[in-house]
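Order of writing sets the labels: A, B, C and D. Residues in every chain begin at 1.
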Amino acid sequence: MRKLILLVCLAAISASAGAQSAEWWKNRSRIETDSLYSSILGDIREYNIYIPQNYDINTDKRYPIVYLLHGMNDNHRGWYERGHLLDVMDLLTGSGEACEMIIVTPNAGGNIYAGDWNGYFNMPGWAYEDFFFKEFVPYIESRYRVISDKGHRAIAGLSMGGGGCTSYAQKHPEMFCAAYPMSALMMIPERNAAAPARPGDKMDLLTRSVIENNCITFVTNADEQTKEALRSVKWFVDCGDDDFLLDCNIGFFQAMRAAGIPCEFRIRNGGHLWEYWNDALYISLPFFTRCFGESR
Amino acid sequence: MRKLILLVCLAAISASAGAQSAEWWKNRSRIETDSLYSSILGDIREYNIYIPQNYDINTDKRYPIVYLLHGMNDNHRGWYERGHLLDVMDLLTGSGEACEMIIVTPNAGGNIYAGDWNGYFNMPGWAYEDFFFKEFVPYIESRYRVISDKGHRAIAGLSMGGGGCTSYAQKHPEMFCAAYPMSALMMIPERNAAAPARPGDKMDLLTRSVIENNCITFVTNADEQTKEALRSVKWFVDCGDDDFLLDCNIGFFQAMRAAGIPCEFRIRNGGHLWEYWNDALYISLPFFTRCFGESR
Amino acid sequence: MRKLILLVCLAAISASAGAQSAEWWKNRSRIETDSLYSSILGDIREYNIYIPQNYDINTDKRYPIVYLLHGMNDNHRGWYERGHLLDVMDLLTGSGEACEMIIVTPNAGGNIYAGDWNGYFNMPGWAYEDFFFKEFVPYIESRYRVISDKGHRAIAGLSMGGGGCTSYAQKHPEMFCAAYPMSALMMIPERNAAAPARPGDKMDLLTRSVIENNCITFVTNADEQTKEALRSVKWFVDCGDDDFLLDCNIGFFQAMRAAGIPCEFRIRNGGHLWEYWNDALYISLPFFTRCFGESR
Amino acid sequence: MRKLILLVCLAAISASAGAQSAEWWKNRSRIETDSLYSSILGDIREYNIYIPQNYDINTDKRYPIVYLLHGMNDNHRGWYERGHLLDVMDLLTGSGEACEMIIVTPNAGGNIYAGDWNGYFNMPGWAYEDFFFKEFVPYIESRYRVISDKGHRAIAGLSMGGGGCTSYAQKHPEMFCAAYPMSALMMIPERNAAAPARPGDKMDLLTRSVIENNCITFVTNADEQTKEALRSVKWFVDCGDDDFLLDCNIGFFQAMRAAGIPCEFRIRNGGHLWEYWNDALYISLPFFTRCFGESR
């Protein structure tokens, strides 16, 4: 009788195989964990990277790339372990809703309460933004077969990483064709900033760096040339109606609209939650796919 | 006080303008009705065509094209008047979910009970399929600025037109990159076919033509070369759980899977209804956009 | 051969019949147009009403009711002719997503530029709000088999009618279990209000009435008892990201949140468009169904 | 500066509190793991149970209940650890899409290759179905404040548990108001069944039990009285287009339709995957909520 179960399983495998390609099992999509040494940070930094199916077979093919940023107190594994990035990509590429792409999640965090640095901006002792643009991006795009141009490079992130992705795309609109901040920490109000609780404390430095990289005032203060550059990026802002960061996302959207910079905006059901961000993958990855498609 | 309302309206216009382009109002998207003379049919045939925004401004730009087929007893105006194609396209292109494209709905129908011909296949006295491929497609693609290649040409249709779009893409896989049949009449069972009620009657001829162009047996009987050609088309079958044509759509999908031809399949809520087909536009037009994107 | 088509049709009918009840065809759902004389308005007012399937068979059954308000320059037929209310209800009740209910669309409009009155509030010469609560609701709920309690009465509306439904539920929280404003005109700023363009003009009177019934300041100024009453209504605010009324909907939601009154909030893709409102039916009618369900 | 982050967090907490109830933090929803001793199975069986918010405060309140079954080689923790049931319920109850309910996931599995029993049916040495109805349901519904009637009891499950939930509701339609099988193992074909690989092996016994409890032939062979009883349950079948079990789900739906038993049917994008089942919670829990609502 065991054969019956085997028959069922074989049917499954052959059906899947038929539905995709005869060699799908030879080289499945996967998440790899790897690291690089950063002279800027003086340390080894890990990252996770989504490698599409058949990457090792189609050795001439180059892929678009998404930089996907995590939130505070999280790290490069969050999008894999709780965001289920691998499963989502398999589903979306299976139906064609997402194209084959490389997705990399750098580590800009850890447990801040246990002394780990957190944050995507430069701060005294942690020049993460320099690391990202001078070391990380060049390393990734030379080591993996990436199409290294604006039209095939996008950025997304959640919470602290949503602010990071927004600010990165604001400062480097020539690098990214699209940005998708989720539940983003777009700013922290400046009040009380004059009196740091514990100067030099990593949380204080992180807070200060977010204050200095206010994504809303960046838009408000932009000159016409900057606005025109920002219009070359496709923007999509996504935040839950119960999210404690909702108001700064509304503020960002209103500033973009006032500046005449096209920006999609969605408020969906939910708060500052992984269920929300898992869902956001189903919107952002097809969005990036369309943006990449326009550049082919 | 009237000024207040005016202020609100002006705010609306300027906001929309800002969100898109400064000249959006110069050349809006539109539906045009026009016609051509067919020597094959010996008659003038009307069609509706969706012209994207700025078509008359960007006079060097060429566009992908979708052929969108109506159902029995309907005509070229149905997708506009009840499917609300113009409104849907404005919404989807506004958010980038659909790219700018030309969409043409030919007239292959009318009131069959009042004596109008209906049907997408050749039948004695109504060689519509010949007309479509020999006259209609060449006419449209020379008169409008269409990208005339497989990678930028797709076909969709509902009910009788769902069967039509499937059969057209089966016989001309070198012409279409994607096909999206909705609630499709994939076949009519052959029983009783020997005894036509009224030989020569237009309904009899239509029925006979659908029997002869069985989309399921086409797949079942396909040789390996034909199957390989069919694999070059992206297929998406969409039918409601209350649709009286559901079983033949299931049969078609199962035949495709057995033949190893990738085919997306969805059963959503509903019957043989315009609400269903209006919704199907929100799935099919982004699907085509992704297919076109891969060909750029 | 005609028999073949007939066979298909019969299959359809029997399948549908099987899927629902053996008598579904005896008494289909329908939209009726009727009217009543209003002594308050001194005129006959028309309305459309959605009558659920089997209403005339289950003559003991009473139904929940939704008051569904149209926008400016529209009338009681809009939700039927362009909102496709009948089709949507058939689809949603077929799958159980919406329960059987009565839905009435009163006429509070017409062509304001041709001299028709528009508006849901009292204004000199057009005491529509009085008419609605003193004549229309009592008439409808005595003429049709409605469950006349708060737990089974809800209100929704679009644009001008979105403001109307919000204001009605604010002033009569004891009457409605739920309110769903779509793309709502929540307020008009008061500036310039001192200088009416043409005093007594119907557009001026309408504008003035909206200014006086500001839905946001109603919340901001509410005392604790009023807030507590507002908490007994389930609120759902829905507005498109391209809608020129978005900001006042954001303002309303923020005021509700500040007042501690639970309120769902969604920003979906789109502008001030029927495609948006048609979609909103697919969210609001299941929402009302759940609210009615809690009261059984 | 730390205060700034604290301010943000406090804002979040107060906003959430305001949006729900002043005491939400006193008694959050939770998943508990517990166990009972089964004399039928001669062993202790664990289960997980979702306890709604404020369960310990509203000590007079009784709740509807959902029995949620896992798949082969999984156990009672799967719906929590990978299905993220707690997060989904918090999201859906927050917006009202799901009502407060108790959800219990019994353990009918483990690692079958390591010798654990698996399966929802009676088999020699593992009378699980007896345990479920004679011990488990009575225990749960006496220990927790459940509304113990058909109108407030529903059942769902995935894969092997999808077949289990279907069969349970078929044999006990007087107990369940609704059933929602996901990617269900509705049957195993009988061929080869005469020659068990290793008689008495747990996999063999499981396979045999599924063969004996064929959900499709149950419908096909049902007499009119049984069909009428099955019509008192609301059925919803949900399976992915890439699922290797799709055909038996299609077969089940077609049998139900032929028998005149209303049954919703959806084919969505995906295969036999947790991403699919996590999504299915967003459909099934609101579906159950509507079913419970009709019984109040």
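Structure notes:
Definition applied: a residue touches a chain if its C-beta (ideal position, glycine included) is under 8 Å from a C-beta of that chain, and two chains touch if they have at least 3 such contacts.
Bear in mind the structure is a predicted one, so any value in this text is a computation, not a measurement.
The interface of B-D is repeated, with over half of its contact pairs matching by residue number, by A-C among B-C, A-B or A-C. Chain pairs A-D and C-D differ in how many C-beta pairs are in contact, and the one with more is A-D.
Taking each chain's centre as the average of its CA atoms, chain C and chain D sit 36 Å apart.
Once the centre of each chain is set as its mean CA position, chain A and chain C turn out to be 41 Å apart. The residues of chain D that reach two or more other chains are 15, 19, 95, 97, 264, 269, listed in rising order. Against chain C, the residues of chain D that register as touching in their complex are 15, 18-20, 95-97, 99, 234, 257-258, 260, 262-264, 286-287, 289-296. Contact residues of chain C toward chain A in the complex are 241, 247, 250, 253-254, 264-269.
In the complex of the two chains, the chain C residues touching chain B come out as 1-5, 7-9, 11-13, 15-16, 19, 84, 87-88, 90-91, 94-95, 97, 188-189, 191-193, 195-198, 201, 203-204, 207-208, 211, 242, 244-245, 269-276, 278.
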